[in-house]
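Okay, so subunit A shows up in both of these, paired with subunit B first and subunit C after.
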Partner chain A sequence: MDAIFLQILNGLDKGSAYALIALGLTLIFGTLGVVNFAHGALFMVGAFIAVTFSKVLEISKVTVDPDKVDFLGNPAKIKVPYVVDWFGSFGDWIIDYTIPISLLFAIPVMILIGVIMERGLIRHFYHRPHADQILVTFGLAIVMGELIKLWFGSESIPVHVPEAYKSALDIGVWFGFEPGSVIYPNWRLVYFFFSVIVLSGVFAFLRFTTFGMVVRAGMADRETVGLLGININKRFTIMFGIAAAVAGTAGVMYTGVNKPVFHMGMDFLVLSFVVVVVGGMGSLRGAVAAGFLLGILESFASMPLVKDAIAAIGLPSIDQIIIYLVAVVILLVRPRGLMGKAGVMED
Partner chain B sequence: MSNLILNRRKLLSTGAAVGAGLSMPTILTAASHAGYTNAPNGSTVTLGFNVPQTGAYADEGADELRAYQLAVKHLNGEGDGGMMNTFSSNALQGNGILGKQVTYVTGDTQTKSDAARASAQSMIQKDGAVMITGGSSSGVAIAVQGLCQEAGIIFMAGLTHSNDTTGKDKKANGFRHFFNGYMSAAALAPVLADRYGTDRKAYHLTADYTWGWTQQASIAAATEATGWETVANVLTPLTTTDFSSYVAPVLNSGADVLVLNHYGGNMINSLTSAVQFGLRDKMVNGKQFEIVVPLYSRLMAKGAGENVKGIFGSTNWHWSLQDEGSKAFVQSFGQEYGFPPSQAAHTVYCQTLLYADACERAGTFNPCGVAEALEGFQFSGLGNGDVEYRADDHQCFKDVLVVKGKENPTSEFDLLEVVEVTPRAQVEYEPDNEFFAGGSLGSCNPGM
Partner chain C sequence: MVRFNDKLTLLIFTALVLAAPLILAPTGAAYPDLMQRFAIYGIFAIGFNILFGLTGYLSFGHAAFLGVGSYAAMWMFKLLSMNIIPALILSVIIAGLFSLVIGYISLRRSGIYFSILTLAFAEMSYKMAYSVLTPLTNGETGLQLALDDPRILDGVQAQDSLPSTNLFGFEMKEVFWNPHIFGYDLQFNYGYYVCAILLILSFYIAMRIFRSPFGLMLRAVKTNQTRLNYTGISSRPYTLAAFVISGMFAGLAGGLLATMDPSVGAERMQWTVGGEVVLMVVLGGMGTLIGPFLGAIFIKYFENIFSKINEGVVHGWFAYLPDWADNLLAAIVSPFVGKGWHLTLGLLFMIVVIFLPGGLVDGGRRLFRWVIRADKKDIGV
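For the complex of A and B:
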């Protein structure tokens, strides 16, 4: 039972990233009608904003210590980050909290990138077939990945996780399990709660603000909203920026889970796209539900018990393809996805 | 009618002319003139460096490429000469190989067998590479080794640790300097039994391809021989980046040791997950939970950061070794790039020098001549003590290092400490050992 509970928890955590990216993807599809394959790249760009901030904080004052030698036998160079040299223990605190502080930079930068992307490229493809949109956004994702690779290299880059969140929490005792049987990493819990807050925030924004109401009305009937004298295009551009910010902040926080690398966006994009399709194209609730559902399924498929049972009936391991198998089944049974609107992407 | 009558002189001259005519398409290519694939016909010779520049092993690939470039410099007489100055063979003079300046082409294997084969094929067919070297994944190395065997090209394997590379998939045109899973297990198991005791339950997470399988089988057999029990072996796809769903079940498995049969980016991520889940602070069966990484490298240690402290593993070479060869290489590499080389860099640098040396001693680039010069070749001065390229399987035999993540590093490079240098005799095995059974070396293929 404790193993199952642990995998559900883990699946929710995995699903957090899928849900955050899928939410942005479906938001863009629902508002602009664009299938944005560059959305995973925005997740990656967010992660590299944290990397950039971390690199800036690492810029150091170099002094030579004549009493120590380096690996070549030369006097050793001692590096002290300027931020620590200038601010002392407050500087140490800033370095310790690199990831959360990066969020402050990531939000405006990602909104700006989103708006530039939409105004500069994607708006030219609104009335083109979905295949054209996929091709151009996929190409854009490759270009963005290669630019990051050019600048930061192909190796994964560690970003400092706050010391207070490096350990794990014995979460099982809260639910009546034996001590030590359900332990979960603190930062992964932070990531899960962060995603819940962001997802709730986006839903609340769309549900309880006038801006959100107009956007929802525009998603339902763009033409009528336009006839009422509302500049719906401007609002949709802003929504594109918000979707970019959601993906970017998800990327920033993910640097504490796994070390960022230039192809991380592509790794998540395909899965997130499947999540959107399973949830139902254009359905925000569907995207979030499918994200968590498929995250849990992926976790269960990795369990030794499940792997052994599948191997026993002579089938190969399915932990990497479970999401696609489920997607195939759902699309065969219900082509519009779990919560998709009738007629959307069904033909 | 009389025109049709042939005398002996006419027959001979006509036969010679027809023979020359038939052979014309062949002799117009220099390669076939020399009788083997891509024989160098100018003042240069081209080597093909096929390394992962993307994928799970990209860090290793980048360091391999640096070492290859350094080796080329040294072969061409530039720089300080590195290990050419300490190598026991004196055939290399710093004037290229057989008087030809060394040039190179590079390819990205993407840590994928099909991409690696395509890249190697392009280097052989389009760039005229006379030798292919590289790896960083046994799946890739075995695939490219097979291609080189078919093409008549020497393959000097880079970082490949699967038993199969010089076991069931060995080839006459392929040579491996790096050690293998069996050797790691033979060196590591006694140290683990000594430090952690003989009553242990091990849970294995294993990369799901040839290296992982043979590494896991070797380490499981070696640790079980000391009294350990293997409670589970879970295969993980090479493309996995988040190992949390594989690590979480370890908590309730009853195991008190986690063996990570992962390398490169896989190992960095799986170890990070294991530490995140608090495994290193856990007590199981009344014992401290331990993590073991059978194949270690400094690059992985750097990527995993402080998570590697106190964790045991094995390595082919380490920059802190104090023999003359290692010191010369570290000095040369460090001056060039500003940091010490990894074991991946070391093995490919050695392979490049060993190939060049074999060409010089054989007096030819012909793969069969080069292979003959390498088979049974005994040498020293390249950082691993006395080494032999065994003729039976083209595997190098040398001492193995057992290392541990350093508890108190003194610099950003001082991440591993050598715990034991396991002598060659302890890790050596017969060519027909069960872990290397099947397949045959076959015969050398010069191509054409």
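For the complex of A and C:
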């Protein structure tokens, strides 16, 4: 029982990332009708905003301490980051909370990147075939990945999580399991709650604001909304920015779970597409549900117990491919996906 | 019916391909390994173009067929014989069967869904080659020849070194003619000519498909599938046939890659490899006969040449300039060459998709027309 609970928890953090990226993909697809192959790259750019911020914070003033010598006998150099030099203990706090603070930078930067992308590139592809849209965003994804590689190198770069969240939590005790049976890293829990907040924020924004209402109306029938004298294109551009910001902040927070590397966007992209397809193209709720579902499913399939059971009935281990298998089955049995509307992209 | 123009094209194509070691000598690309890659990826791209160029179905999954072809060829080398004939035949058959299965499922959907489905299948095959199918693929280590492989047809030979691939005794790697012409050291090897002949054959087949009623039907699928369906024709058998044909071409290319270097790793099945063939076809000009081959040459050539340019070479180019200009230009150029070659490729690809959807072939055509028009203006016609 506790093992099952642990696997659900394990699936949640990956599922959170899938859900956040898939939500952005679906938003873009639902509003603009464009399949954005560069969406994974936006996730990656977000992660590297956190990396940049932590590098900036590490810029240090070097002073020579005459009293101490290092092992070569030279006077020891002491590095003090400028923020600490200027702000004292507040500076230490800033360095400790690098990741959450970089969210503040990531949101405007990602919105800007998103708006530039839409205005500068994708706008010119609305009337071109879907294949062209895929190709140009695929090219953009390559370029963005390579630019990051050029700047940061091809090694993964660690970003430290705040000291207070470094340890793991004995979560099982809360639910009446044996102490020590379900231990879960704090940061992953933070990531899950963060994604829940972002997801509900986006849903609330679409549901309860006039802006969101217009966007939803535009998703349902773009032309009519346009005929009513509303500049729907402008609102869709802003939605693209928001989708980019969702992906970017997901990337920022993910640096605490895994070390960012330039190809992480591509790695997540394929799975996010699968998530979108399983959830139903154009359905926001479907994307989120499928994200968590597939994340949990993936972690279940890699559970030793399940692996043994599958081996016992003579099948090879399927933990690596379970997501794809599910996607294929769902597409064949129910082409519109779990929660897709009938008639949307069913051909 | 083969039109006169086509006969001429085929003739010129054949002549150019057969004389490649001589023609490519001044470009520095005339070593057998690279030329073989030109031909192999040319076959891959020509096949892919039959699906993508004619029907407009964008598949990201063709790397899987390339990989399957390679694995099939390797097993023939291990079990049957080092002769490449059975290996190539099996790789085409296996890739054909595999693409039949994947195509049958994927082609139930079209447009974006099709692309995503093929992407998912490619990634699934890649992951399977790593994990589930380890007995067949040897997992992460990759499939390699071993001294104690049975090789039934070759008979039992006491060997101290691994045998090399051959065609009835002619070793693929062997350079059979090494002349000195115009100051260039030319190398003619069997491997390239095997690939070249298969390339010409593939080109011919593609040409016949392009000109056939079947090809016309595939174009109809691209132009307006709905209308095709309303006329009472089911398009799926046609698209499936195109999918399988392109899969077989990919399998042949995979088999040839194995004859060139008898070892296969699962990374050959990764979807980014399938993305590369998309780049080739789009860069060269999708839907044209010669475009995909040009795209393949273009990418493979610059991949080899560009990626070898380091900062020192760049400085060499601008050495005649004053120091500051040299440094400035080198700083601008060097991110785009050497390790940054993929950046150049990505940018170039985007530029082609945005401004020149017809690819290099279309660009050449436009340039040609522009020159002719300028000519006519001069003489006042």
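We adopt the following convention: the second predicted complex is superposed on the first by the 327 of 347 C-alpha atoms of A that agree within 3 Å, B and C clash if a C-alpha of one lies under 4 Å from a C-alpha of the other, contacts with A are read in each partner's own complex, and residues count from 1 in each chain.
FYI, a residue touches a chain if its C-beta (ideal position, glycine included) is under 8 Å from a C-beta of that chain, and two chains touch if they have at least 3 such contacts.
Predicted, not measured: the structure shown is a model, and the values here were computed from it.
Student: Quick one: classify A:223 as touching subunit B (first), subunit C (second), both or neither.
Tutor: So A:223 meets neither subunit B nor subunit C here.
Student: Could you say whether A:277 touches subunit B, subunit C, both of them, or neither, answering first, second, both or neither?
Tutor: After superposing on A, A:277 lies in contact with subunit C but is clear of subunit B.
Student: When the two structures are overlaid on chain A, which partner does A:320 contact: first (subunit B), second (subunit C), both, or neither?
Tutor: both
Student: Scan A:168 for contacts with subunit B and subunit C and give back first, second, both or neither.
Tutor: Once the two structures are laid over each other on A, A:168 reaches subunit B alone.
Student: Figure out whether A:183 sits in contact with subunit B (first) or subunit C (second), or with both, or with neither.
Tutor: First partner only, subunit B.
Student: With the two complexes superposed on chain A, say which partner A:134 touches: subunit B (first), subunit C (second), both, or neither.
Tutor: After superposing on A, A:134 lies in contact with subunit C but is clear of subunit B.
Student: Look at A:302 in the shared chain and tell me whether it touches subunit B only, subunit C only, both, or neither; answer first, second, both or neither.
Tutor: In the superposition, A:302 touches subunit B alone.
Student: Looking at the overlay, what does A:335 touch: subunit B (first), subunit C (second), both, or neither?
Tutor: second
Student: Which partner does A:67 reach: the first (subunit B), the second (subunit C), both, or neither?
Tutor: neither
Student: Identify the overlap between the subunit B-contacting and the subunit C-contacting residues of subunit A.
Tutor: In the superposed arrangement, which is not itself an observed complex, subunit A uses residues 317, 319-320 for both subunit B and subunit C.
Student: How about subunit A: which of its residues touch subunit C in the complex?
Tutor: Against subunit C, the touching part of subunit A is residues 35, 121, 124, 128-132, 134-136, 138-140, 142-143, 146-147, 150, 266, 270, 273-274, 276-277, 281, 316-321, 324-325, 327-328, 331-332, 335, 345, 347.
Student: Where on subunit B does subunit A make contact in their complex?
Tutor: Interface residues on the subunit B side: 53-54, 58-59, 62, 208, 232, 234-235, 237, 239-242, 244-246, 248-249, 251-253, 265, 268-269, 272, 276-278, 281-283, 303, 305, 319, 330-331, 334-335, 339-340, 410-411, 413-414.
Student: For subunit A, which residues are in contact with subunit B within the complex?
Tutor: 2-3, 6-7, 10-11, 13-14, 68, 70-72, 76, 149, 153-156, 158, 166-168, 180-185, 187-188, 257-259, 261, 263-264, 267, 298-299, 302-305, 307, 317, 319-320
Student: Please output the residues of subunit C touching subunit A within their complex, sorted ascending.
Tutor: For this pair, the touching residues of subunit C are 52, 56, 58, 105, 108-113, 115-117, 119-121, 123-124, 127-128, 130-133, 271-272, 275, 278, 282, 335, 340, 342-343, 345-347, 349-350, 353-354, 357.
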